[in-house]
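Listed next: structures, encoded as structure tokens.
Each of the two complexes below includes subunit A, the first together with subunit B, the second together with subunit C.
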Partner chain A sequence: MFIRLENVYFTYSLGMPFETEVLKNINLEINEGEFIGLIGHTGCGKTTLIQHFNGLLKPTSGKVFVKGIDINKKRVNLKLIRQQIGLVFQYPENQLFEETIYQEVAFGPKKLGLPGEKIEKRVREALKIVDLDYNLYKERSPFSLSGGEMRRVALASILSIRPKMLVLDEPTANLDPQGRDNILSEIKKVHRDFGMTVVLISHNMEKIAEIVKRLLVMNRGEIIMDGSPQEIFEKHANDLIKIGLGLPQVTECMYELKKRGKEVYTGVLTVDDAEKEILNRVKKINKKIKI
Partner chain B sequence: MVSILIKIESLSHIYNYHKKDQIKALDNISLEIESGDFISIIGPNGSGKSTLARHLNCLLLPTSGNIWVEGMNTKEEDNTWKIRQKVGMVFQNPDNQIVATTVEDDIAFGLENIGISEKIMKKRVDWALEVVEMEEYKKSEPHLLSGGQKQRVAIAGVIAMHSSHLVLDEPTAMLDPRGRREIIDIVKKLNQEENITIIYITHLMNEAAESNQVIALDEGKVVLVGKPKEIFIQTDILKKLRLDIPQITELAIRLNKKGLNISSHILKVEEMVNSLCLYV
Partner chain C sequence: MILRNISFGQYIPRDSFIHSLDPRIKIMTCLTIIISLFFITNFLGYFILGVFIMVGIITSRVHPKFVLRGLRPILYIILFTLVIHLFMTEGEVIYRLGIFKITREGLIKGLLISCRLFLLILTTSLLTLTTSPISLTDGIERLLVIFKFMGIPAHEIAMMMTIALRFIPTLLEETEKIMKAQISRGADFESGNIVNRTKNLIPILVPLFINSFRRADELAIAMEAKCYRGGEGRTHYRQLKIKKTDLLTLFLTMVITAMVSIMF
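Coming up: the complex of A and B.
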């Protein structure tokens, strides 16, 4: 077990007129090597939740354990926790500040006190993961890049710390389809090749349904669903719509067919799944007609 | 007779024109946009969508070529403010567009600047709030609103000026699915009920599907113009432009190829469900 949250509550502006309870009774376990999607509409507490993973926020009540250690106890070295759990915030390109891409990506390893040659190795490795050519990019200013490239540099500067777990808050927001696909394939790569645990927040139902293995759905500060995307989209389509989340178009299509009394499987998430399911149905029905 | 609202003639725009590192953002574009139409402009990042949009209300001026808005050339300085009053703009980030501490003050900001009397101002603010369905938030503080609501306030601020044409530059890019739906619904309503011309920039194809006409840009050039149904079946070109084909259209094209009698022009889930009902 990597992370465990136990009865976590969090309230902003506690005791002030604007006091708001943002997290309510969160109980969550994340195992090493999992690939998790976190969805929920704006303001439901997603970002607040992930900030509890590495102690950026402390619960108002409840406990957070990382590898069995209660991270909010006194004398816990949060620096070590944060090396293991890398958070990539929304619009991480806004956090770039160095003069060159090399310096930007080297910042983390430098702070870890690594010797020069190791730093260089880490920078090369991180830039390779995000598909930016080391020699072409190392001397360039991060501010001369396109939005998509800047975001990849920001991701690289987290990867160079070699976290065990990567938590990304809407990493594809505002990118065009190509930029989005690049980032997502890089995230899939670190999960697959390095066994990194990944938690991904996204509003893109179609993409998230396709790539994650476990989906958490939040609403008003609570985790209201936890399961495989197939299971959640199959059984809870109605509830998802009610709380303002969309369905992937093909899932919505199956769901509507079912509403009209057609016996189709509604846990389809991709065009491939939908094509197969529809062709199977057509075959079955045609057989019946022949008889 | 339909009136031509915007006429673009051989428009090119080069950034850093007087410097070494010139970037040609728009390359010889000619277009006509009719009054009351709903147009979407699609294209990958860097294709020139936003540069084009910024020419429509004089935020940028052509390096060469001309643009006329209701017959007024954008290059003539005397026209600048007249054009800006007619063509309103809504940008991506709702937080960057809010200037006041209450919703009604924010909407009134533009009106105050052009010296509208308080009586008329109140009327216009109320009307604009009603159109974007935000009446109950009149006295709210903007920073407490959701992203979709903030964008609706931004839209209200523009229509309160009685702008007859609205340019929206990826207005839903930072919103969640609910916020996206809100904005699309309001934009359609403005077009249909208030007869406001809409020029909608997006790279989300299911949003472009709501418009009457799609213009696709790539590397500063217009590569496709047509109705959404005509554009979306050109999957090869769209893939080349690195744009998404809506899941449902892709499914329709595949099923059509497998010999099912399903039109490959399907853009909406409902159409697909209707056609599939005959089969399954």
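Coming up: the complex of A and C.
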């Protein structure tokens, strides 16, 4: 088990008139190698929740364990924990500051105190994962890049720390479809090739549901659903629509078919799966007619 | 985090007599009190004025906790001046500590200055706690108009202040976000000597400046797109009007402070 949250509550501005309870009784376990999507409305506490993973925020009450260690106890080396859990904030391109892309990506490894050649190796590796050519890009200024490229550099600057777990807060926000697909395929790549545990935050079901293996749905500071996307779309489609999160378009299409009396499986995530499911259904009907 | 708890200069909306006063009158009242604070030279005078300000705080219905919270950062400055005065004033020695000596004159002077600073901050935070930034700058703009013949661009100054005040919370929020992002990348802001700590500020300051410049650019374009043309001939949605109670408040304050200043 990688991370365990026990009865975590969090309140902003405790004791002030602006006090707001953001997290309510969060119980969560994340295992090594999982690929998780965290979905909920803006302001439902997603970003607050992930900041508890590496000790940036301390719960008002409750406990957070990383590999069995209670990280909010005194004398816990948070630096070591933050090295294992790479947090990529929303609009990470806003945190770039170095003169060259090389230095930007090397910032993390340098802070780890690695020797020069190892740093270079890590920078090469990280830039390769995000599909930026090392020789072409290393001397360029990060501020001369396009928005999508900047975000990839920011992602590389976290990957170069070689975290065991990657947490991304809306990594595709404000990107064009091309940039969005690039980032998502890179995230898939680190999960597949390096076995990295990934938590992906989004307020949009589209695309995310397709690639993650486990879905957490948050609403008003609580985790209200936890399961595989198929399971959730099959069982809780109504609730999802009720809280306004909606379903991916294909899934909604199947759901509407079912509503109209066609016996189809609604836990479908991609157009291809939907096609197969509908064809199967048609074949069954044809068989019945023949008999 | 730490940055969220700064309450000096924060506006707390309430429905009270002090809140409803005209901002121009409030600024002038505060100025009167502040000027009189520099005339008073004994404790009784400060006590009377202190009670007067306390009455103001109570009628403002802002929780005293907030007023005191705003004082916290100033506490060190007050302590510092007190200590300097204690040890640096010549006069009758009442206590000796090695080469340092505390004098009676130093003690009295230090305490008087502390009272003065304390009441000064109390007065100004009462002003900012009960006046929204917009009406505050509105008031300043109207008051500065008096100096227009001297070539002071009242509207421009007020507009700059409004923009600056508007972006303080945004900047604080952003600083916090960037700090967290850099901490996640391995930056350390809490240990090391002064040189290292200063160096560690670069990953915060560079993105902060870049984002601010970008935001300023965007704001300028947005203002021009809305046909902003400076203050000339500009009308106001919120018209400031001086009421009888406003004048009465200013008059009362002037009388009290004048009496206290002359008598003590």
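Quick note on the criterion: the second predicted complex is superposed on the first by the 290 of 291 C-alpha atoms of A that agree within 3 Å, B and C clash if a C-alpha of one lies under 4 Å from a C-alpha of the other, contacts with A are read in each partner's own complex, and residues count from 1 in each chain.
Heads up, the rule we're going with is that a residue touches a chain if its C-beta (ideal position, glycine included) is under 8 Å from a C-beta of that chain, and two chains touch if they have at least 3 such contacts.
All of these numbers come straight from a predicted model, not from anything done at the bench.
Novice: In the superposed model, which partner reaches more residues of subunit A, subunit B or subunit C?
Specialist: The partner with more contacted residues on subunit A is B.
Novice: For A:Q83 in the superposed arrangement: first (subunit B), second (subunit C), both or neither?
Specialist: So A:Q83 only meets subunit C here.
Novice: So, does A:N135 touch the first partner subunit B, the second partner subunit C, both, or neither?
Specialist: neither
Novice: Mind working out whether A:K262 is in touch with subunit B, subunit C, both or neither, as first, second, both or neither?
Specialist: In the superposition, A:K262 touches subunit B alone.
Novice: Which partner does A:I158 contact after superposing on A: first (subunit B), second (subunit C), both, neither?
Specialist: second
Novice: Using the touch definition up top, name the residues of subunit B that touch subunit A in the complex.
Specialist: 44-46, 92, 146-148, 170, 173-179, 181, 203, 206, 242-244, 246-248, 250-251, 254-255, 258, 260, 269-270, 272-273, 276-277, 279-280
Novice: Touching residues of subunit C toward subunit A in the complex: what are they?
Specialist: Interface residues on the subunit C side: 4, 12, 63, 174, 177-178, 180-188, 202-203, 206-207, 210-211.
Novice: Within the complex, which stretch of subunit A touches subunit C?
Specialist: So the residues of subunit A in touch with subunit C come to 12-13, 17, 51, 54, 56, 79, 82-83, 86-89, 92, 94-97, 107-108, 111-112, 143, 157-158, 161.
Novice: Which stretch or stretches of subunit A touch subunit B in the complex?
Specialist: Residues 41-43, 146-148, 173-179, 203, 205-206, 244-246, 248-250, 252-253, 256-257, 260, 262, 264, 270-271, 274-275, 278-279, 281-282, 285 of subunit A touch subunit B in their complex.
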